[in-house]
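These notes open a run of structures that come right after.
Common to both upcoming complexes is chain A, partnered first by chain B, then by chain C.
Then we have the complex of A and B:
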């Protein structure tokens, strides 16, 4: 009994820890708005990468369409707010719904006709491009500042602190969802699909159904985050449907380690900081040099740790956890 | 159909382009039996298993399991009805631990990972998988261990019929003995009906109650292991006719 309570506390702590660690950051950064915006963007990227972890990490489908779902959900919420004064709280839920619906429409035929591996990656990459071009065709090549409104009703503020705290809640939610799925039947099924679809099917797993479920969950999270992402970028446009950014999310998921929550989170925050630092440090010297160094860094990680950052973070966490639980796993 | 018939394959045919892999094959497997299915290379043994488990859709004929026509159903639906299988070339979950792989199988009949995990442990222990390697990743175990995990994963789905596709292929004689014991134990103690497709005659002859011989996609002979061993047409199919 004591053991169980202790176990529960430790699991709760695992979810709350990133949040608790994140809370004092604005204070530590002296409320420097640039740094807080950076922290906000890191948290958003971490949330997006963890959402990707469900389809890419657990289910092993190399999805390159993350910004299709972020863009669709985010732009819907933003447009509803601007044109109809609808609160983003509702808009984000609607955005989540429309992204999930898009994922279903895209995923159903893809999985029905057994599109997998590189072909799945290419198809999803095409989805971002299609949305990018469609938005230009329908709405024109626009690039808007969101008109300034303020308050919790609009989830927009003069400073970045509140939005940063809000994003921490989203991150905690996505971490919880990841851990919950990871331990449930769905998690076992998705991982086995990643390992071998044919063998998974032979032990009674409806591969098509579970892949579709993973895709829809992933898209729903992204559709929800979309508005926060757009606000953190200050502008919204057809450029939100970004192919390179979608690839970047997949890179984080892979560098972090497929299916590893701690690995993906570390990779997201670490890469964001390194990228931003290199950009600030070298951007003025030789534009583009930071990308080259960034690329080299990725290659180094790939060579030294082909299993992802999780291969040294997870043993470390496990040891700490074992100690917390009183010496027994 | 007799009452103790578990699986009935009727006039099953499967073609790949111009090659006839199965030509109107009839097979019957009765409850509790351990049936060996043998035949030279290309006889259609694996194709037969693939047609039964839904990996391939046969061109003609029927597969009836427990009185229900399951021809052409999806593999996961067939697994749900109680037919499990292993693979000629093992299909391990390389980046999952042994216990997780078997738990995945056990989750077919229960919703709770904790319960499935306990069942998985029992099964692994039953077939004699070393306890110290339960948490080892699939990519770090040996071939015979892969074979055992494949078997445990299939057993974890609680099948009524288990089809083993060349389970001892590539193993050393001492390892074959290990598998022989496990296969007998599964049949006798777990009371699971087994269909054993095999190349290694020593193994089939020692475990089977009844042997079916396939040759060039057709049923060549059927009988007890000793009858089969001395059947002239079987010897001919395996070794060829005498030189003139």
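Then we have the complex of A and C:
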């Protein structure tokens, strides 16, 4: 009985820890708005990469369409707010729904016809380009700025602090979903699909159904985050449907370690810090240097350590956890 | 409003010329994928970097872009062989996702190297001997495109003969067919892979040279050529050179007609949509079979 409560507390702590660690950051940064915006962007990217972890990390499907879902959900919520004064709280849910619907429409035939591996990756990459080009036809080649509105009704504020705190809740939610799925039946199914799809099918797992489920969950999360992403970028356009950005999310997921929550989160935040540091110092001289380094990092991880950063972090976490649990796991 | 027959003929012709160049672009990728089973996501970025190199050399020594291939093709062969040895060989037999990820990393490196050295500006070669038009009834034939199409088809067919009629080709096909048995027959599989990967990358340099006789280099053509060449392979299957040529021509014409009839902004949407649908209903491709 004691042990169970302790176990529950530790699990709760794992989910809340990033949030608790994130809360005092604006104080530590002295409410410097530039740094808080960076913190907000890293929390968003971490959430997106963790959502990717469900389809890419657990299920092993190299999805390169994350910004298709972010763009669709985010632009829907933003347009609803601008044109009909509908609160983003509702808009984000609708965005989540429309992204999940798109994922279903795309995923159903893909999985129904047994498309996997490189063909799945290519199909998702093609999806981003198709949306990118179609949205030019709809929205035109312009950048749109969100009119200045303020308050919790619009989830937009004069400073970035509140949105940052809000994004921490989203991150905690995505971490919870990841851990929950990781330990549930679905998580075991997905990992067995990643390891060997044919074998998984042979032991009676409905491969299509669970891959589709993972894809829809992933897309729903991204559609929800979309609005916050657009607000943090201050602008939206057809360029929101970005192929390179979608690849970047997959890079984070792989560098962090497939299926590892702590690894992916560390990778997202670490890469963001490196990116900003290099941009600040060398951005004017050598644009794209950070991306070049990320490419090299991805190659190094793939060749030498396919487990990613998680191979360094997880043993460390396990030791801490064991100590917290009183020597037993 | 429907465009005039002359315009349609022009568009069709341009599409066919482009299609032949696409077949050369896809040839290296098809070799690497067909023989080694390696999924190269950096293929288009090699074409992109090759185009920039061609621009750099052709402009600094004032020569025709097609002649620059004498330098870039051997260079790319060496680069390809080095990448195979350092990066591709260690991930052989690992999860497909890791294999793809590694080549995505290579593509990222190439793309951002180009961005660093050449910035994001599009570049075109100033002087090319082939920049003239031959009037032929309602259509104008751009000499550069015509020569590109002719050379591309010659090279594609040449490589086909290399594979089917020569000793080296037999070795390559044996390795593709069964790696282990090929090893038992005394074939140095590693050498074959080195050769094939080097050749696959060298062919992108050639395609880039021809592309630069009429096209532009910018950091983003890598992504679109990369996807397009994969689309061509998906449509053509790995059946052989006829499937490759047919699907390249289809993609080229589709793209060209979309630009004329609809809008250049959606020139990739139509081939990609066709790709998605073909992938669903004919996973073996339109013309060939795929394992």
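By definition in this document, the second predicted complex is superposed on the first by the 311 of 329 C-alpha atoms of A that agree within 3 Å, B and C clash if a C-alpha of one lies under 4 Å from a C-alpha of the other, contacts with A are read in each partner's own complex, and residues count from 1 in each chain.
In the analysis below, a residue touches a chain if its C-beta (ideal position, glycine included) is under 8 Å from a C-beta of that chain, and two chains touch if they have at least 3 such contacts.
Just so it is clear, the structure is predicted and the values come from calculations on it, not from any experiment.
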| item | value |
| --- | --- |
| Partner chain(s) touched by A:93 [first = chain B, second = chain C, both, neither] | neither |
| Partner chain(s) touched by A:29 [first = chain B, second = chain C, both, neither] | neither |
| Which of chain B and chain C A:183 touches, first, second, both or neither | first |
| Touched partner set for A:278, first chain B, second chain C, both or neither | neither |
| First, second, both or neither for A:204, with chain B first and chain C second | first |
| Chain C versus chain B, contacts on chain A by residue | C |
| Which superposed partner A:324 touches (first chain B, second chain C, both, neither) | neither |
| First, second, both or neither for A:192, with chain B first and chain C second | first |
| Touching partner for A:129 - first (chain B), second (chain C), both, neither | second |
| Contact residues of chain A, present in both the chain B and the chain C interface | 194, 258 |
| Contacting residues of chain C [partner chain A, same complex] | 39, 41, 86-87, 90-91, 94-102, 104-109, 111-113, 115-116, 119, 223-224, 227, 230-231, 234, 263, 265-269, 272-273, 275-276, 279-281, 283 |
| Of all residues in chain A, those that touch chain C in their complex | 56, 60, 62, 109-110, 112-115, 117-119, 121-123, 125-127, 129-130, 133-134, 136-137, 141, 194, 243-244, 247, 250-251, 254, 258, 286-289, 291-292, 294-299, 301-304, 306 |
| Touching residues (chain side chain A, partner chain B) in the complex | 183-185, 188-189, 191-192, 194-196, 198-207, 258-259 |
| Chain B residues touching chain A - in the complex, by the definition given at the top | 53, 55, 74-76, 79-80, 84-85, 87, 91-96, 100-101, 103-105, 107-108, 111-113, 116, 138, 153-154, 156-157 |
